[in-house]
Amino acid sequence: QDMTLMLDWFPNVDHLPVFVAQEKGYFAAEGIQVKILSPSDTSDALKLAVAGKVDLAVSYEPQTIMAASEGLPVHVAGRLVAHPLTTLLFLKERGYPSPSALSGKTIGYTVPGLMDVLLQAFAKINGIGDYTAVNVGFNIVPALTSGQVDAVMGPFKTYETVTMAAKGIEAAYFELEHWGIPDYDELIFICGAETWAKKSDAVQAFMRAVARGLEDAHNQPGAALQAYFKAVPDVDQAIERAAFERTRPYFARTQTIDQERWQTFADFALEHGLIDHPVKVATLLAP
Amino acid sequence: MLVIKNLTKRFNGQPIVEGFDLTVPSNGFTVLIGPSGCGKSTFFDLLMGIVPMDQGDLSWRGQTVIALKALAAYMQQSDLLLPWLTLERNACLPADVAGVPPKQSAARVEALFVKLGLEGFAHYLPAMVSGGMRQRCALARTLMFARDLVLLDEPLSSLDAITRRQLQAYLLLLQTEFKKSILMVTHDVEEALLLADDLLVLTAAPMRICERFRLDMPKPRDIADRSFLEIKARVLARLEKEASW
Amino acid sequence: MKRSFLFPLALFLVVLTAWEAFCRLGGIPDFILPPPTRILRVALGDAAILLPHAGITLVEILAGIALALTVAIPLAVGMHAQPAVERALAPFLIASQAVPVFALAPLLVVWLGYGLASKVLMAGVIIFFPITVSLLEGFKSCDRNYRILFQLMGASKLQALRKLYWPWALPYFFAGLKVGVSVATIGAVIGEWVGAQQGLGYVMIQANARLKVDLVFAAILWLSLMGVGLWALVGIIEKRWLWWKDASDSE
Amino acid sequence: MKRSFLFPLALFLVVLTAWEAFCRLGGIPDFILPPPTRILRVALGDAAILLPHAGITLVEILAGIALALTVAIPLAVGMHAQPAVERALAPFLIASQAVPVFALAPLLVVWLGYGLASKVLMAGVIIFFPITVSLLEGFKSCDRNYRILFQLMGASKLQALRKLYWPWALPYFFAGLKVGVSVATIGAVIGEWVGAQQGLGYVMIQANARLKVDLVFAAILWLSLMGVGLWALVGIIEKRWLWWKDASDSE
Amino acid sequence: MLVIKNLTKRFNGQPIVEGFDLTVPSNGFTVLIGPSGCGKSTFFDLLMGIVPMDQGDLSWRGQTVIALKALAAYMQQSDLLLPWLTLERNACLPADVAGVPPKQSAARVEALFVKLGLEGFAHYLPAMVSGGMRQRCALARTLMFARDLVLLDEPLSSLDAITRRQLQAYLLLLQTEFKKSILMVTHDVEEALLLADDLLVLTAAPMRICERFRLDMPKPRDIADRSFLEIKARVLARLEKEASW
């Protein structure tokens, strides 16, 4: 059976388990053939999946909860990265001991509508007072190195840190889940409710194959990386390897989705204005 | 027969043509002569419907018409040649538009060009020929219209005396041979007297007919003829009297 | 006067109705293309939120147009005066149109920070180009005989520019300006990619990230209105400046 | 002939040298603005990788231009023939320039899928606009006396279009086309936002996401070359089609 | 004194002006008359440097010059009025360019317009006036150049006989009063004889002087005068002989 998967962004090491499943024939073993697409925007994948234009999409837990809040019939199919990778990142030389040291500073954020709200919540929880928030888009490094901002909310601790290190810039960061933001699944697989209703077998088959890919990432990192490099040839291997090392611990070990943890995040989102309408997580996970 | 009744036109309240009546016989040569700026070109534009009249009635061969648009060929005072077409293609335009096969119209234009002294210049662009040659090309284009009524606004003004005389003869031939009605504006009294069956001397704006000369001397006429010289003197005197500024 | 607006209005309604029907019956989900009624509801309903952002974007657009004019006119003049200048600059100008925002944004941030300047510059880069090219083409189209007339008068280059080339090229200039003001809207929005805190572009990215597609389209509606307004304004100015055309054509 | 290229070349070298010096001495890090030598090295060094992508983008650009022409010319003709059509369509055309890609991308995917079509459409939307506007302005600028001449000849609208309006508006058309082909590069790149797997736009986004700024600029270099090439091509066609201008001006 | 030596110009190998020599006295009226297309306008263009000469030497008042560009005022055959300027502003252009205060030049143009019969039309656009009025405006503009040498290419071709005669008188006055050298092309033999000190009859292209008439009858001249009629007949005969096509 043919399936299409749309990634959240360009193929990168976060998606390694998917490519491993592809290269090693885990999908084929499940009797499915997967076509992997890249989106034009991080929100495209979810929209097109819910519209039924693609079968599955890589999404983020916060994004999915926002979609549900907007009334989109979205179904959560599985997990890829089980904890937040998002950080509040700054140049190591600044040496902020704790978030409150950022009071009165200028803090950038990457995605308006998401990271600015997270930043607000983070600041409130950790007592960052009187700061200025700036949308820096994905110009994280220039913004930091030119001193336009003192920290940025949104960079991944697994990726931006590595690319910065490659340019000789040392980064430090505060992890969200350690500073009062409820733990969440950074990367997940979603599909449209309709797709789920019609093709749940294929979706489950897909998730089983990905789970094998995840296992390989944990247990045979070298081979997994080789498979990834084969699938995505034109990448900087040194950087990807380093990024993979940092991402590996966060790859999901089980496909069991913790409904309670999700609901906690959804309630938190409502409380802090990330979403306008309450979301019942159970509907997203309904069998 | 073209009948014009009570033709009136004002620009910003200024009357240019006012209560103008005129009857032009089919198959005749009517010449208008009058001071610069009196309204001759405007009059032609009104007849053709280029400029809307304020008032007036037109009829052609007994039928009321709003304008002569599709009935007459009109050579305007400026040549209006398309700069991107050769003289030949410019002259062929009316035939092209009418759907005449290009070969056929080219042959006709070639013959016309010989008559008008443009032989050998068929493939020149308008910018590459002299003022007089442009004017002749515009005349050729006008003659390519297959229409019985021809309005000519100073068609020969940029030509030397000799060429002019030849073209006058040609126009005369055209009118008598092909039974066209020609309505022509000129500033050359001699030219007017050589060609006209009917010569209208006009006043300054607002344009009125101040005197009408019916000329029934046989054509071609001789400019040294006594009766010719006599009438020429009369016309000149009339014009002089009219010129007031 | 009234009737002349009947057909446009009719077409407008037909298009909107077709769109509405298409969304409702054609099964295009709201989060991909919202129906016009919904867009309108949001555009008007959230007007209080959208309008201040629209105001900021409008300021950027106007500043961008001003910047573009300041650059385009001398550029076209210089390129026309010296063909060598044209040959020298043309590749840079063309290249300027091939640079996507994300390549330029970091540089703008480093140079100009997050203020208005970077947005205006970004908009200006997009707007100046059609104006420059059209104006240059207009200068070049000037009739040789008139050019010679000015030479014979001993007119300086500046005099010829003011009294001949500029009025001659005005219709071209307005063609370029109309294109310019229309793309100005997207120019300002693109500018707002670069670290904006406000403006319709910012609203759009934010709404898009939050999957509020109707809000995205409501912002587009407001932007389009601005574009149409600017276009109409340019049309009015054109009619004024080229009054002699109407006067000459009257009857 | 040779000397006329001296100054452009000199300026080109001066600009590049200044840029190089600026990057090396001014402390602009490579990942913000790479020095030209480095861009060149990547552009040439990775040519084997870049060229196939460039080929795809070029195909999109050319198809986009073809699409734009197919739409722009009838549109301008229609809008000129009927002022009501102009009034009716102008708002839509202007609005089309105010829509950012991310709003349109999902719709294009739904309609056209991931093939070439969505990219070409996106590029076409960007390219057709300057052509339409310029051409329309050119039609409108046609001298009244000539229009009347054609009326008096009893020319049909089509005949007047072919023999009068079109040649008359050609210089405007070329002004629009020059703008069009220059923005075509970014048009195709933007088109490649829409789920591309290849093309220079794809290379750029990917390189940008990976902070390979030199690769981004190398892609821009290739794009710019295409833009300059297209521009030059249009210039040559213009010279050919408007041969009568040169012939008329000669001495 | 303007001395022209061996002036030569070919278009695509076709000689238009060839080995042309001419001396034009300062303070005199030289008239050129010749068949349409013979090269008169081209000749003026060559003198002005508008069209580059293939060969030839020019000197003005003893000094060799490349072209008369800044020395002469040139009225071209087409009026070349700027369509966006009123007649007044058009006529003022040379003064504006020379930096004359607008008030001053407007006053001069006003006076000129009275002389040329354009009173009351100062604020009209070129498209709103007649062909003859445009021509007069172009003449006014030419006369606004503060230059001693004036080249006029068929300056009165679109004017009626009366207006024409008045302007001829005005040109004569201008030349004698202000000691200008005027070089003029016309197709009107009478006009030529009325004005010329030197009348050159030209051949068809390539243009050569086929006969030169020195006219020293006192001015203003009487067209009915016997010697006038006599020379007119001679000139016409000469022209006729030259016309070969």
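Order of writing sets the chain letters: A, B, C, D and E. Residues in each chain are counted from 1.
Here is the rule we use: contacts are C-beta pairs under 8 Å (C-beta built on N, C-alpha and C of every residue); 3 or more make two chains touch, one makes a residue touch a chain.
Just so you know, these numbers come straight off a predicted model, no measurement behind them.
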item: Joint neighbours of subunit C and subunit A, given as chain labels; value: D
item: Chains touching both subunit B and subunit C; value: D, E
item: Centre distance in Å when subunit A and subunit D are each reduced to the mean of their C-alpha atoms; value: 37
item: Between subunit A and subunit E, centroid-to-centroid distance (C-alpha), Å; value: 85
item: Between subunit E and subunit B, distance of the C-alpha-averaged centres to the nearest whole Å; value: 27
item: Separation of subunit C from subunit D, taking each centre as the mean of its C-alpha atoms, in whole Å; value: 16
item: Residues of subunit B engaged with two or more neighbouring chains; value: 11, 78, 128
item: For subunit D, residues contacting two or more additional chains; value: 31-32, 102, 106, 110, 205, 208, 248-249
item: Interface hub residues of subunit A, defined as touching at least two other chains; value: 41, 43, 47, 51, 138, 141-142, 146
item: Of subunit C, residues touching subunit A in the complex; value: 29, 31-32, 102, 105-107, 109-110, 113-114, 193-197, 202, 205-213
item: Subunit B partner contacts - residues on subunit E that touch it in the complex; value: 11, 33-37, 39-42, 77-78, 117, 119, 128-133, 136, 154, 157-164, 187-189, 236, 239-240, 242-243, 245
item: List of subunit D residues in touch with subunit C within their complex; value: 4-5, 7-8, 11-12, 15, 28, 31-33, 83-85, 87-95, 97-100, 102-103, 106-107, 110, 129-130, 133-134, 136-138, 140-141, 144, 171-172, 174-176, 178-179, 182-183, 185-186, 189-190, 201, 204-205, 208, 213, 216-217, 220, 223-224, 226-228, 231, 248-249
item: Touching residues (chain side subunit D, partner subunit B) in the complex; value: 145-146, 148-156, 159, 163-164, 167, 242, 244, 247-249
item: Of subunit B, residues touching subunit D in the complex; value: 48, 50, 69-70, 74, 76, 78, 80, 82-84, 93-94, 96-98, 125-128, 145
